[in-house]
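One structure is given below, encoded as C-alpha cells.
When the chains are written out, they are named A, B, C and D in that same order, and each has its own residue count from 1.
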Amino acid sequence: MDTAPSGFAVAQVACPVLESVAVGQRYHRLVVAAPGLAARTRPGQFCHLLCRDAGGSGPFLRRPMSVWRIGADGTLGFLLHVKGRGTAALARLRPGDALDVVGPLGVGFALPPTARRILVLARGVGLATLAPLVGSGPQVHAVLSARAPGDLMADEFGASSYDAVFDSDGSSAPAAVEALLRRRFETERPDAVFTCGSNRLFLVLQRLAAEYGIPGQVALEQQMGCGLGMCFCCVRDIRDEAGHISHQRVCREGPVFDLQQALAW
Amino acid sequence: MVRLATRIGRLTLANPVMPASGTFGPELAEVMDLDRLGALVTKSVTPEARLGNALPRLAETENGLLNSIGIPGKGLDAFVAQAMPEWRRFRAPLVVSLSAPSVAEFAHAAAVLAATPGVAAIEANISCPNLEEDGRAFAMLPETAAAAVAAVRAACALPLWVKLSPNTADIAAVARACEAAGAEALVVANTILGLAIDIETARPKLGAGMGGLSGPAFKPIALRLVWQCAQAVGIPIIGVGGISTAEDAVEFLMAGASAVQVGTASFVQPTAMLDVLDGLVAFCTRRGIGDVAQLVGAALPRERLAAE
Amino acid sequence: MVRLATRIGRLTLANPVMPASGTFGPELAEVMDLDRLGALVTKSVTPEARLGNALPRLAETENGLLNSIGIPGKGLDAFVAQAMPEWRRFRAPLVVSLSAPSVAEFAHAAAVLAATPGVAAIEANISCPNLEEDGRAFAMLPETAAAAVAAVRAACALPLWVKLSPNTADIAAVARACEAAGAEALVVANTILGLAIDIETARPKLGAGMGGLSGPAFKPIALRLVWQCAQAVGIPIIGVGGISTAEDAVEFLMAGASAVQVGTASFVQPTAMLDVLDGLVAFCTRRGIGDVAQLVGAALPRERLAAE
Amino acid sequence: MDTAPSGFAVAQVACPVLESVAVGQRYHRLVVAAPGLAARTRPGQFCHLLCRDAGGSGPFLRRPMSVWRIGADGTLGFLLHVKGRGTAALARLRPGDALDVVGPLGVGFALPPTARRILVLARGVGLATLAPLVGSGPQVHAVLSARAPGDLMADEFGASSYDAVFDSDGSSAPAAVEALLRRRFETERPDAVFTCGSNRLFLVLQRLAAEYGIPGQVALEQQMGCGLGMCFCCVRDIRDEAGHISHQRVCREGPVFDLQQALAW
C-alpha cells in the first residue's frame, strides 16, 4: 500500500483488491486500497494497470483505466468493459490479490470556477471517466447512452438526475440525442459540458456546445505504451486556438481535451 | 561496496545503466530519480520535424512489443531550443540520439549538436532509412554504416556512439566498419523487424505494416549481437534488447557489453532501470565482485580473452 | 465443408499443415495419426554421418527456445536404407530436408534422393554453413543461396522447396535469387541466431555457444519474413516460425503463406499440428470461408493483390 | 481423465491432481488420477509434464519426471526435487488443479525373468525412478544415499529392506558404499542390480557388478526437448556390445540402459 509519501508525483503501487464484482453481462467493478494515490487523484485522471491475474497471466503491456471512484476512505475504483486479454485478467482478480497500479496520470477535467450546473454525456463505460464529476461541486445532469437498459449502469454513475437513451429503442440515435440536448440547453442551460465514450455523440455535443457558446471537455481514449508521455503511441489530432492541428499525447496532454479543439476519431 | 563507474570511450559514467532511445523522456522524473542513472538518452532527433507513422503504433506479441512510432518530433532546431533546457536540469550525462535521412544531414545535424552546450555524446541511430540508398537502413551494410559514421565523426568532436541494427547479415562486419569510421562505442541493438496481423480484419496490427520487435522475446537475439560485436571490435559496447531485470543485464555484461540500456521494460515497470541497477549491485555483492567491470566479457570464448 | 487441399508447386497436399524439419519424426505416430497431415518433413539429412553439437543442445528463453542440435545423423546412405522404409508406412507426401556443406555435395545428395522411391519433394536447408565460404550459411547471400539451389535443381527433377534463413540482410533478394535458380516453393524461415548465458557459470547455456531461436518469441519475425517474401516472389511460400495455434497459422496464411509448418510447438503439445488443422477448419467455418486458399495473402498490401 | 482408449501408445492427458505435498525441505509428492496412463506404465518409464501452475505460469518446455508410483487404483505418482522453474511450478499445483501429462515414455527396467532378489542403489530423488521395482516381483534390497537423514525418503521408496548412507556421516563416500555393496554381493548375491541418481555411485556399481558378473541397469537423466525421440537433445554416450560408442536418446532408447553399456556422465 502506498502510505509512504514518495516525493514523486506518480507512483507504482501494489494495491490490495477490496472488491471485484461483475456488473451486468460485460462490465466489471474493481475497488482497491490506495490511500496515497486516492489523495492525489483528480476527476478525469487515469491509472496504468498491470493486467496480471493472481497466477501472473496477462498481456505484456499495462492498460489505461480511468479512475471511476476516488474514495474519501483511500480507495480507488475502476469500472471496466471486459473486452480483451487485459481486462479479462483484471476481472479475474479476487479480493486480497494485488493490483499493480501506476498513477495518477494525465490531465483531468477543469471545471470553470463559476460552474454551478454541468451536463455530462456518456456512452457505455465512458461514464466511468465522467463519474468523479458527480459530487465535485456543481450540480450534475447526465445523459447516459447504452445498448439496452441492462447495460446502463446508472447506479455506477451515481447522479440522481439523468436521462437514459438506448440503442434498443432508437432513443440513442444522434438526432434523438441532439433533440434531447437542445431541450436541456434551452431549459436548464449548463455552465459546462463533458463527454466520453462515443465519437458520434462527441460530434453532436461539440456542434451544439459551439452553437450555444457553452464550454466543454472531452475525455479521449487511445492505445498506450508507456502511459507517461515517452513513447508517442497514444497521439490524437488536436486543433489549437490558431487552428493548427497537431498530435497530442492522450496520456500526457490528455486524456481530457477541450471539446472544440479535439477532432473526431 | 561495488564499483559501478563505467568508461565508455572518453566518457565515464557513474554506473552502467541508462535508458534506450525512444522509450524515455524527462517525464520519467515524475516516477523516479533520474540522477541515479549512468546516462540519459534522448528519443532520436531528426533534422526536420516529423509527424511519425500511422496509428496504431504498437502491437503486443508473446513477451514482446512491435512498434512503428516513426520518430515523430519537432526537428533539431526545436530540440536545441526547447528540449535541451529541460534536459540540462538533470545530472547524468546527456546522450542525444541522432537520426537523419542522408549522410549530409547526419553531418549537418552533428555540427549543430556539437555547438549545443550540455550534449555529452551523440548516439548515431543509423537504423533509419537512407533515402539515398532506396530507403535501406544505413546500418544494413558495412559501407553505408561507415559513411554515416564518418560524416558525423568529421563534423563534430563529441564522443560518438553508434547504434546498430539487427537487420543485417553480418553484424560483426558492420561493427568493424563503424569502429574504423570513428565510432567510440557501439549500441547493440535497435529493434528487429517484425509483423503481427489482426486475423479478424486481415490487416497488419500496426498502421505502418511492419514494426520493430523489442522486449523479452527479442533478448536472445540482442544478446547474440552483442556477443558477436564484442568479438569483432575493441571499442566498448552498450547492450540493449529485452533487458528487464538485473539478471538480464548481467547476461549482456558477460556477453561483452560495458553498459546496458533498458527500453520497453520501463513501459511495464516505470522504475525498471533502478531495479536493474540495484539488482546489479546485489548480484555483485552476493558473488563478491568488487567492480562491475569484472563481469564484462566474462562469458566470451577464452581465446578472445587470452588475446586481449 | 472447408476445402483444405493446397497446391505447392507440382505437389497437391491434402491440407496446409505439416511439421517443421528437425522437430518431427515417425515417433510421433505413437501420439497421433500422421496420415492426417498435409505432408511429412524429415529432419535434415546430411551426406555424411554427423555426431551433432556439444551438449546442452537446448535452452529456454522467454516464450522461445534456443537450439544447437547440429544435425546429428547417420548420413544419406543410412537414411535411404534405414529411415526411408519406415517413412513409407505413412500416407502423406514425404518431404526430405537436405543439408550439405558444399554445392557439389548438395548436388550429389539430391541425385541420390531423386533415385529413392517415396521422396515427394526435397526441402533444401540452405541455412547450414557453407564450408567453401568460410562457414557462412548459403542462405545469407543471394548468390550463395542461388548456387546451392541451382545445383540441386540441376541434379534432380523432384519438386524443390528451399528453406531460407532469417540471418540475412535482405530476405526478398535471397527469395528472388532462389526462385530464379529453380525453387518451386520457399520455406520461410529457419531459426534466427540467438544466445543465452548462465550467469552463475558465465558460460553460454548451449554447449555450442550460439543457437537458433524458435517458438512464439520468434513468430513476429518469421511472419515478417513471409510477408516480405510473398511480395518478392511468385512461387508458393510455406510459413514456419512460432506457430502453435490455428490463429497463428491464419496470420501466416494471410501474410502470404500457402501452407504452414509447426515445429517447437509439438514439443509442448505433441498434437499441436492437428490442433492447428482442426482450428483452421473451425476458423474458416465461423467466417464462412469455403476454401482455405482464400486466406492466402489476404493481409498483403492491396497494390500487390491488385497486380496479381 | 484418460479413460477412453485412444489407440495410441502415448497420450496427452489433463490429469486431476489428487495430492500435492511437500516432502521434507526440498522434495514434493504429486499424485494424479490417470487410469488409462497408469494401466500402461511400466517401472522405469517417465512422463513429460507441462509445468504450469493454476494461473498458467511456468517454463516453456515440459519436464521429464519418472513415474514413482503406479497405483492399482488408476493413479500416477511423481516425486520431485524442487530445483528450478519447472519443478517449482509443479509444487504449486493443488488438489483439483489439472496436470498435463504426456506418457508413458521411454523404455523401463527389464528384470531378468528368473530374478528372485535384486539390489537397487539410489541417490537422492533417484529413488523415485527405482521405487516401482518394489513390488514388481523379486525381493528388493535397497541402498539409499542421501545428504542427511532428513533427506532420505525411505518411506517414499517403500522397501522394507534397506541400508541408508549419508554425506553427513561420511557413510555415502564411494569407498564406503563399495565396501557395503561387496558385503551384500558376498552374503546375499542379487540376481540383478539397478541404480539411478549419482554418477559416482553408478561407477562403483558398474565396476563391482562387472567383477561379480551380475547384470544390471542404470536410469539416466538428460535435458529433454520433445521427450518423444524427435529432437536429439537428450543424447548420452552408450557403448554397444562391439565396444562402439554412440549417442543414444535418453527419452527413446532410455532412460534405462544396460549398466555396463552406459558411460559416466
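The criterion applied here is as follows: contacts are C-beta pairs under 8 Å (C-beta built on N, C-alpha and C of every residue); 3 or more make two chains touch, one makes a residue touch a chain.
The structure displayed is predicted, hence computed values, not measured ones.
Undergrad: What chains, if any, are shared contacts of subunit A and subunit B?
TA: A chain counts here if it touches both subunit A and subunit B, and no chain qualifies.
Undergrad: State, to the nearest whole Å, the distance from the C-alpha centre of subunit A to the C-alpha centre of subunit D.
TA: 58
Undergrad: Please report how many Å separate the Cα centroid of subunit B from that of subunit C, as a whole number.
TA: 33
Undergrad: Find the geometric centre of each of subunit A and subunit C from their Cα atoms only, then give the gap between the two centres in Å, rounded to an integer.
TA: 49
Undergrad: Touching at least two other chains at once: which residues of subunit B meet that condition?
TA: Residues 61, 63-64 of subunit B each touch two or more of the other chains.
Undergrad: Would you identify the shape of the chain contact graph, picking one of line, ring, star, complete or other?
TA: Shape = ring; chains linked end to end, path closes on itself.
Undergrad: Pull out all the chain pairs that touch, please.
TA: A-B, A-D, B-C, C-D
Undergrad: Across the complex, what residues on subunit A touch subunit B?
TA: These residues of subunit A touch subunit B: 8-12, 50, 59-62, 102, 222-223, 225-233, 235, 247, 252.
Undergrad: In their complex, what parts of subunit C are in touch with subunit B?
TA: Against subunit B, the touching part of subunit C is residues 61-64, 66, 136, 140-141, 167-170, 192-197, 199, 202-204, 209-210, 213, 216-221, 223-224, 227, 242, 247, 250-251, 254-255, 283, 295, 298-299, 301.
Undergrad: So in the complex, the part of subunit A that touches subunit D is made up of which residues?
TA: 53-57
Undergrad: Within the complex, which stretch of subunit B touches subunit A?
TA: 22-25, 27-28, 30-32, 43, 51-52, 55-58, 60-61, 63-65, 67, 69, 72, 215, 266-271
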